[in-house]
Amino acid sequence: MALQIIEKSDLAFFVQNLMDHFQLEGVQSKGQSVYGQAFFYGTIRSPAELCLDFDCTVMPPKKYFLPPQEALFRFQTGPSPACFECRPNKPLVIFGIHPYDLKAISQMDRVFAAGTPDPHYLARREATILIGIDPTHVAPRSFWASMEAAVVSSGFDLMMTDLGANYIVETGSEKGKALLGDYAKVRPATSDEVRQRVSQRSHIADMGQKRGLTFPKREIPILLQHSLTSPLWEENATKCLSCGTCNLVCPTCYCFDVWDDMELNLTQGQRLRRWDGCLLSDFARVATGENFRGTRTSRYRHRFYRKGQYLFFGILDDVACVGCGRCAAFCLPDIADPVEVFNRLKEKLN
Amino acid sequence: MEKAKVAFFDFASCEGDQLQVINLEEDLLKVVEAVEIVSFREAMKGHSDDYDIAFVEGSVTRRSDEARLKEIRKNAKVLVALGACATLGGVNLLKNFQEAENVRKFVYGDKAFQYETYPARPLKAVVPVDIDIHGCPINRHEFVMVFKSLLLGKKPEIPNYPVCVECKMAESICVFEMGMTCLGPVTRAGCGACCVTEGSYCWGCRGLVDNPNADSQREVLAKYGLGLRDILNKFRLYSGFSEVAQ
Amino acid sequence: MKYQPLADISPYLPQWAEISRIQKLTESERLFEMHLADGEPLGHKPGQFIELSLLGIGEAPISISSPPGVENSFELAVRKVGNLTSAMHRLKVGDRVGIRGPFGTHFPVDETQGKDILFVAGGIGLVPLRSFIKFVLEHRRDYGEVTILFGARNPSEQLFLDELEDWRRRDDLRYLESVDRPDPNWTGHVGVITTLFPYIHVDPSKTYCVVVGPPVMYRFVIVEAKAKGIPDTHIFLSLERRMKCGLGKCGHCQINHLYVCQDGPVFRYSDIFDLEEAL
Amino acid sequence: MNAKAERIIQVHHVTRVEGHGNIEVKIKDGRVEECQWQVVEAPRFFEAMLRGRKWYEAAHLTSRICGICSIGHTICSLKATEAAMGIAVSEQTAQVRKLLLHAENLQSHLLHLGYLVLPDLLEKPSVIPLAQTHGEQVLLVIGLHRLANEMSDRLGGRTTHPQRPVVGGFARWPTTEEMETLSQKLESARTDVMALADFLGSLIEKFPRFARETEYIALTHPAEYALYEGHIGSTDDGQWPVEQYKGIVNEYLVPHSTAKFTRHKRAAYMVGALARLNLNYDKLSPGAKEIAGKLGLKPINSNPFMNNAAQLVEVVHCFEDSLRLLRDLHARGLKDERPAVSVKAGRGTGAVEVPRGILFHEYEYNKDGEIVWANCVIPTNQNHGNIQMDLEAFVDQIKERPTEQVELMAEMLVRAYDPCISCSTH
């Protein structure tokens, strides 16, 4: 389908319509921090709440597919124990996802579909419609351009670009097409507007280049191959608080823990999973007390290898970092920034 | 199956933790249904020394209290420390950092000698404690979790990761971004980052995680403008008993 | 995006197995014989494991200790160390437990046919290895020389006493045992398991060494095996890691790019010798 | 019964109260020889611990004086700090704080009446067996108690030791949605409140008939039933600004108590719901007045057992006044005000009415905003002397009764005060 135009004055109409027919999630301002506005994804209750010119949200949209905590199944104990599956399928529209987060979602899709598919993630994913938006601002620590995530060509149902006077919209799926047809006032884009989009997008890519890798992203696995014994790991890790923040805020981190919760009647309960993080000290501890990544250094290093190498060769054929810069922004000792670490490793190697 | 017998006790404290148990409301009825409560002075008359599980609130602040605590330990199969005063010594410990006589005199003047006291301490400094339910006050959901675990014969899973984890799950803005400072990165989670989500910051009431990176936390606090004395004061508010605060 | 068709049944849901026999092995280990409630065979290979569920308590990976094909029943040997394993010890015959799996890789049952096998088991490592050992003894003619080394910390921690007695008596295998700390009744060899190596003779050209034991044991045993000339490609071992899903997702069991639950627990030494954190 | 014999009545750790207190009575030859209210709680030295702590920590710390009235301590502490630094708070802040105090009064009074006193009236050791015999009423109490807790949660950020109130205002405001939900829930709980009031009211006559004249002290305010602000007032006549609290409380020590006692014009005075009602009856909400009328509660009532009835009246008042405040706030719309604080040296006193009576905090700050001196006077401190004197008079009145009855009734008397013992030994 050709590119379409939504006039800015018609945006509220579209949003209101979506609100009326779906649960609409989108970016809102959570108030002012000393560094500027803090943005987060939440339920949109009025068109005015939706914010499309954010730089980066505190947390990525992964919570919609892998909630911080969710039930895998409910159960009943006793002489005839039974399990009852809870498979989520609440339809959802997420409005306003930047390309890097879209890319992260595509990566997660592959992870959860690989091997034994994970029905919970996939059911949530299937029930969700993604409306992307090209960034107009770059967060101070982002480096998505050098992670080849400034612009995406797939992984969305609709993709919007702010052209100043209006939004130009690309359709990425049948679902997206139907959404536009049913709920938005659109007109086909003129060739001028299409050209404008191209230049706007190259502008976006330029904006994102302010900080980034000093070398091509695909070299990261090889770089890591040679950096196992780099003193950098230990140097940084002595400052690591093992707080897991870098894991939790990351759109491509998905490790989880599983546990059982019983109700007070002690016969019914549920098996839950919740986010976990490989930087947390007990992540690899087994019952006999052995901790296979017992040192801060081993955990700290593991994260970079997982992002830069393990998943690359394992499932993704890509680096599992999209350059959102959240980990860099929220790591208090400021040691989690991948671009800084990779660049320094590269420097040391040269 | 015979019901487990449960008793509640308290030492120097505000009894806010037992209050959280009462605050379970309808669930409290399920709790008392599942066990036999033989002693709970705050809520019932009567007492028996025959109990399996003792929940003990408060810190020990007088030598003369030790005997009562040891007696409780002897009677109980499982001793659970309830709340920061019991698990860490709580705010009561602040007086330990001042000269003892001065403290007594400041409050009781020339009659200070009438009032027995010694450096406040958590229960575990006097008797072995099986389970700590942290918090000031305790989180009633965590109480229920521990309670259920005990009935199921499970060791309760008290988190050993810091508050930042739950803070992120709650999608709070890190308070360091708001120009304040926070003990979340070294404080044991389990509270759901309740103070941060309510506009405050983590005070450290659940104590430190097992292997806190206190040096790095100090550096971070200093980086965000806290002086040495303030940093120490921050650690001392609840974790006065750990070496980090010395 | 292209989805693989989803299974009708969530891979997180356990199926039921009923305990048909419980045998005390040591003070802290018990053997549970069980069968799937639907009567189907488990269909496992030696070295694989299942995720054992007790609803309300949790889940843990447990090796299948019996060889395949035993009248649709299978055996688990469980050491009491924590929540789930302790709760398991409280169960009675007739109780039901949840089972997911079998999961993971298995010992090289086919590759070793016609070859000599050196089994090295330390402590509870005998549990998974037993599955392979019993399989080999059941198909004794398919394999060459069989040597079993078994080390325990002390005599009271020796598992499967009847079977050990049987192995001691058999003349179609060589069985050597050792304890680290003897008690007054112990008349056998004393010392860590590697001190048994001088007593064995292997033909490196056709011997496979299969090792299961605590993490510290591996490094030392591998040195001895290599000293005997056994190539890295002929050494197999089974690794323990924390596991939460068994599906290669939760991340806990990861060793570099490998997931122990999927790519292991049985590994060929040559595949992992250079992996940081594997051993 | 042999009147000659010596009878010792000892209640070791009075139950269903907060903290540890003992009653010791000796009756010999039909005469009460000894009668003592002993406070054996371990002292915690809060005033000393406050020294050297920062202005933003004072409320957090003093909140820990008492789990049950932690909201009151928080607000009192904030007021003391604000007074010391000359910080004025907005109308909106004052109103949400008033709501919070109502929430706490509801929490505390419902807990006291429903969980601690009701068993006495129905002759059971605790509320647990009542779940069987009086299931409906117990669920009523629980439901309202939960609502009070929810109110504290939504306004203060926690049921106990609230996090949102800070010096100068609130760290986080309730959302409009939260306020609306709260209003709705309170509105729909109206019938429950009235049902509970009727039920408890019907049991009131079971309280012993006893009266002893004494002085009653509470905050008073020309425009409202004073809880958050006002002057110190006394039924013996007189009004004083809160800064002059020391002249009212006159703390002194007794050997058998780790908590301080107080006295004003007489040997003792009483604070709490009954004192408030005796002083501020006119300002009660309409529904509260109606209940008071039904209970035959008019100022000045000098039966300490009627403190329970006064609490019941206050439950209705707080409930009705909360609805009024919420409506008011809603009409004006909540603004997202940020507290502004400029730290300076100074001395200040805060006073609020908490469930058990008037509470005072006084701090002195140095220029860095560190506390150099602190004093807290807790309601139960102020009641200890009156408990002692009531006990003497009451035991004398009932001394002929069997020992267990004397024991039970003496305990009931202490319980009527709803004492917060560990709080008084702060």
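Letters A, B, C and D name the chains as they come in the text, with residue numbers starting at 1 for each one.
Quick note on the criterion: contacts are C-beta pairs under 8 Å (C-beta built on N, C-alpha and C of every residue); 3 or more make two chains touch, one makes a residue touch a chain.
Keep in mind the model is a prediction, meaning the values are calculated, not measured.
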{"item": "Comparison of A-B and B-D (more C-beta pairs in contact)", "value": "B-D"}
{"item": "Chain whose mean Cα position lies farthest from chain D", "value": "C"}
{"item": "Where chain B and chain D are represented by their mean Cα positions, the distance between them in whole Å", "value": "25"}
{"item": "Chain centre separation (chain A, chain B; CA means) in Å", "value": "37"}
{"item": "Whole-Å separation of chain centres (CA-atom averages), chain B against chain C", "value": "43"}
{"item": "Inter-chain centre distance, chain C versus chain D - centres from mean C-alpha coordinates, in Å", "value": "65"}
{"item": "Two or more partner chains touched - positions in chain C", "value": "56-58, 82"}
{"item": "For chain A, residues that touch 2 or more chains besides their own", "value": "259, 262, 266"}
{"item": "Pairwise chain contacts under the document criterion", "value": "A-B, A-C, B-C, B-D"}
{"item": "Touching residues on chain B, where the partner in the complex is chain C", "value": "152-155"}
{"item": "For the chain D and chain B complex, residues of the former touching the latter", "value": "13, 15-20, 41-45, 47-49, 51-54, 57, 60-61, 64-68, 70, 111, 115-116, 119, 125-128, 131, 139, 142-143, 145-146, 149, 157-164, 166, 170-172, 253, 255, 258, 422-423"}
{"item": "In the complex with chain A, residue positions of chain C that touch it", "value": "1, 3-4, 6-7, 9-14, 16, 55-60, 81-82, 85, 96, 98, 214-215, 240-242, 244-245, 247-252, 254-257, 262, 276-277"}
{"item": "Residues of chain A touching chain C in the complex", "value": "72-73, 75-77, 80-81, 83, 85, 87, 106, 109, 111-120, 122-123, 125-126, 155, 228, 254-260, 262, 266, 269, 271, 273, 276, 278, 283-288, 290, 292-293, 298, 302, 305-306, 309-311, 313-314"}
{"item": "Of chain B, residues touching chain A in the complex", "value": "27, 30-31, 34, 144-145, 148, 151-152, 157, 160-162, 164-165, 168-169, 171, 173-174, 176-179, 184-186, 209-213, 215-217, 219-220"}
